[in-house]
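Letters A, B, C and D name the chains as they come in the text, with residue numbers starting at 1 for each one.
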Amino acid sequence: MNDQEFILRVTCPDSLGLVAKVSNFLNEQNLFIKDSAHYGDPITKKFFMRVKVVSPNQKINKENFDKTFSVLAEEANMDWSFHNAILKPNTTIFVSKYSHCLQDLLYRASVDSLKINIKSVISNHPDLEKIVSDYEIPFHYIEVTKDNKSEVEMKMSKIIEGDNIDLIILARYMQILSTDFCNKYFGKIINIHHSFLPSFKGAKPYHQAYEKGVKILGATAHYVTSELDEGPIIEQTVDRIDHSKSPEDMEIIGRDIESITLAKAVQYHSEQRIFLNDNKTVIFK
Amino acid sequence: MNDQEFILRVTCPDSLGLVAKVSNFLNEQNLFIKDSAHYGDPITKKFFMRVKVVSPNQKINKENFDKTFSVLAEEANMDWSFHNAILKPNTTIFVSKYSHCLQDLLYRASVDSLKINIKSVISNHPDLEKIVSDYEIPFHYIEVTKDNKSEVEMKMSKIIEGDNIDLIILARYMQILSTDFCNKYFGKIINIHHSFLPSFKGAKPYHQAYEKGVKILGATAHYVTSELDEGPIIEQTVDRIDHSKSPEDMEIIGRDIESITLAKAVQYHSEQRIFLNDNKTVIFK
Amino acid sequence: MNDQEFILRVTCPDSLGLVAKVSNFLNEQNLFIKDSAHYGDPITKKFFMRVKVVSPNQKINKENFDKTFSVLAEEANMDWSFHNAILKPNTTIFVSKYSHCLQDLLYRASVDSLKINIKSVISNHPDLEKIVSDYEIPFHYIEVTKDNKSEVEMKMSKIIEGDNIDLIILARYMQILSTDFCNKYFGKIINIHHSFLPSFKGAKPYHQAYEKGVKILGATAHYVTSELDEGPIIEQTVDRIDHSKSPEDMEIIGRDIESITLAKAVQYHSEQRIFLNDNKTVIFK
Amino acid sequence: MNDQEFILRVTCPDSLGLVAKVSNFLNEQNLFIKDSAHYGDPITKKFFMRVKVVSPNQKINKENFDKTFSVLAEEANMDWSFHNAILKPNTTIFVSKYSHCLQDLLYRASVDSLKINIKSVISNHPDLEKIVSDYEIPFHYIEVTKDNKSEVEMKMSKIIEGDNIDLIILARYMQILSTDFCNKYFGKIINIHHSFLPSFKGAKPYHQAYEKGVKILGATAHYVTSELDEGPIIEQTVDRIDHSKSPEDMEIIGRDIESITLAKAVQYHSEQRIFLNDNKTVIFK
């Protein structure tokens, strides 16, 4: 028996009968639905669908599927993709000096609990090279000064293109990326922000949280847009604190929720569960 | 436009192509899928599906649907139902002396956040009559002694049959029901147990939790079977405690999680989201 | 044996030896420490202490204590109070049309799980009178128009003074109170805001949350100041949501966390656990 | 200014005036209380106190303190200790094949967010040597067969004595330790069990959880006693699951709560926050 699994993803203007149309098509192709989810947004009038299929008796022919499905897709004005479910995105991780998220991602990928293929780590500081090389992954140190930003991003882009990167993870990377860079890789850059967005955007969110006296800390993983800390939210996690915690305590407490929130967001992305819905996300868990 | 919504529920032996078969059938009936979820259990080999449909252009004809779907259902050996989505189950609540869950259910039903039709409250103590009558719902006081158990259950059954009851909620009812009663209404009785089952079955779970020194309290809503506190689990909630809490403190802390857990379980049931899967539940949220 | 318990609360400029000084004083008065907590804020340089004492062999003489402690208090520049631990604050609740928080507070007070003495409920709408009168508590309907605001607040103040009110709870009261009113009762007014402050201040926070696509809903109880939704935060609670929830769904989901958050804040206040620390709170749980 | 901090820990039979007695003593020694917590257990009649002190003007003389405090301690029948607050316990970690808890502990210790001094890792399998040696910590592989158990434990004891070990962490160590070993190091061995104890003791707790159909997974860190999975509970954490999760899914989901629960328990221990209270713990956070 053939146990290949493929994932069909569809986004299109919402209309009646889409679920049946897709299900029917899959059935005709002898592709059996193992898992499926769909959502019609009442405001944006967009339809989203994710289906995991198997073909128990024969190998799935992607080329053939793509050609046949295109006809249906065109009729319904669909954005769509059809990929092997075990496809691991080629990934690069941007870091600065904080190691907790990096360490966590490297470990999860190494034991295959996170299905990403980490091709490189890029940093504006040399500090984290040891951790990365323990995992036998290339570490690129690219110094950032106030004048060489565009040069830096060109170097990054070169690595990204060279490694055929599908996913860029900002694991507490402390530099702001240019609008061009953000736009070029839109939907492919995931950032972890150490607050419960939209509270405490920008610099030093733990200090902001301390000043405000909140009783719960948060972390937010989101796609990066050119507007700082404003991109579509993927995942959020919180932890309880009290008056006795200093910004430095919060920093330490926050590490766990930052790591977990980022790892979950990356997992959803790598499992092709996330759809962009204007400035928001639809996620089928 | 007609905005009637119906819910189709299906349980049957798992096999390939079931999702497409059902989707296709609905499409042929001009019923459009608004919401759907399915699950195939790899161990029990059972398939579960819940679909919410609309028929924008004409009133849904249930009789007609039932007749037509029967053919497909028989082929696939399906247990199934097809009901109006706004159907509220006729409900009776059994209580003793604790009022928090009762109060919570009465309030939620009264503001329509819980879609149940509370026909009566039955108690082995007269204490809670005032609360119930404030909501203008009949209160039946049926005294329980060690000798009159079967007589009591006959009286209960009479009320249940008389009111055409679909759902019996044990809202901290402190009497054990007979095996016959449990079997007769299996799948229709929801109990709240004030522990994180399977820990601390039976009497005085908060005292058991105190003795054990656990750091987290739990509450469990489950369907009732003849084996005490062993029925299929529907929902569980927890709250954090520390060494300083006495069993009496836990009692008070626990009230909130008991009320919320029970209300969620009743909500899932009333929205036809729960399927029995041997001694477990499948719940489509 | 005498089981009276008193609570001593102290706020003063931080300095070394304060804990020992207070403990020592209590010892000399034959008052035994049953429970104590203290905190020195490294930024504001303020010291906070809450001690629960018992006097097993004789009745506690508050007048005598007050006189004797004044001397020590003056030396250390202390704000302080010494009250019977079972003292219930006289409370009034302001509401508009939403009933869930009101209902929850009335119920908790009625079963004595919340130690407040509800003297009245004041509303700018007549809708919730029935719920209040079921608990045999006076309900004051005071209509608010765009022109009679100061007159309304005068009527409110009259009720507040007449009932000797210690605590005003805004249980989803949908009117903005004047700066004068907020200042007059500063530290005595607790509001529930249905967002995770400082996110989503002002009107329609669930709609704001929906627009932003957050993955977690929050509720915040805080002391009221003249700046809208900016007062010292007492308690926050969150619940997880996903893309499929409309603002109306959030409204219903949010009710539980609003009720629980407000009840906890009121409990901490009634148990004399909260200290104001500039624009923040110190809470000894 | 001298910023040395010491922690005084006291356990003794409960009686009136203990807090004042200790506070007073510290004051006389010119030791100022920075942080303090105490608890009198109403059932075991034991008193527990933890005080963090500073001596701003002179170095703390431990020998002198110990001699002077002994007098008071003897009178009140106290078990007590007085240690530098930054004392890191010498620690050994026992593992088998699962790496997540080990990896997490090594990382936290390496960035000093966990204040332990990891002297060695001992394993009955060679698999995890690489991870350990990346951190430049000795890895001892001691094969376990069904016949060499006592020999193995002798080897372990030798390493433990040689390294002057204060704390043994069982980070998913899959062998049962002998009663003698458990007794010898009682109060010094922390285990992580991958269930919400007392549910699902013994082998394969995730399979047990799956069979039972629970809706929440748990992990429990506890001191080890000779009765399997029955020692005093230190910390518990939970995560929500649903019907679709297999035991293998739970295994992966559970890793995060196992790592976090164990790390918290070790932190409380290393910060001298935990007191044994018969078969339970008192923890001052």
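Some points to look at:
Rule of thumb we're sticking to: a residue touches a chain if its C-beta (ideal position, glycine included) is under 8 Å from a C-beta of that chain, and two chains touch if they have at least 3 such contacts.
The structure presented is a predicted model; accordingly, all values stated were derived computationally and were not measured.
As for how the two copies chain A and chain D face one another, over half of their interface residue numbers coincide.
Between the interfaces A-B and B-D, more contacting C-beta pairs are found at B-D. Chain centres here are Cα averages; for chain A and chain B they lie 37 Å apart. Inter-chain spacing, taken between the CA centroids of chain B and chain D, is 42 Å.
Among the residues of chain C, none is found touching two or more other chains. Residues 99-100, 103, 107, 111, 113, 134, 252, 255-256, 260 of chain B touch chain C in their complex.
If you check the complex, the residues on chain D that touch chain C are 16-17, 19-21, 23-24, 26-27, 32-34, 36-38, 40, 56.
Residues of chain C that touch chain A in their complex: 39, 41-42, 196-200, 212-216, 218, 232-238, 242-244, 246, 277, 279-283, 285.
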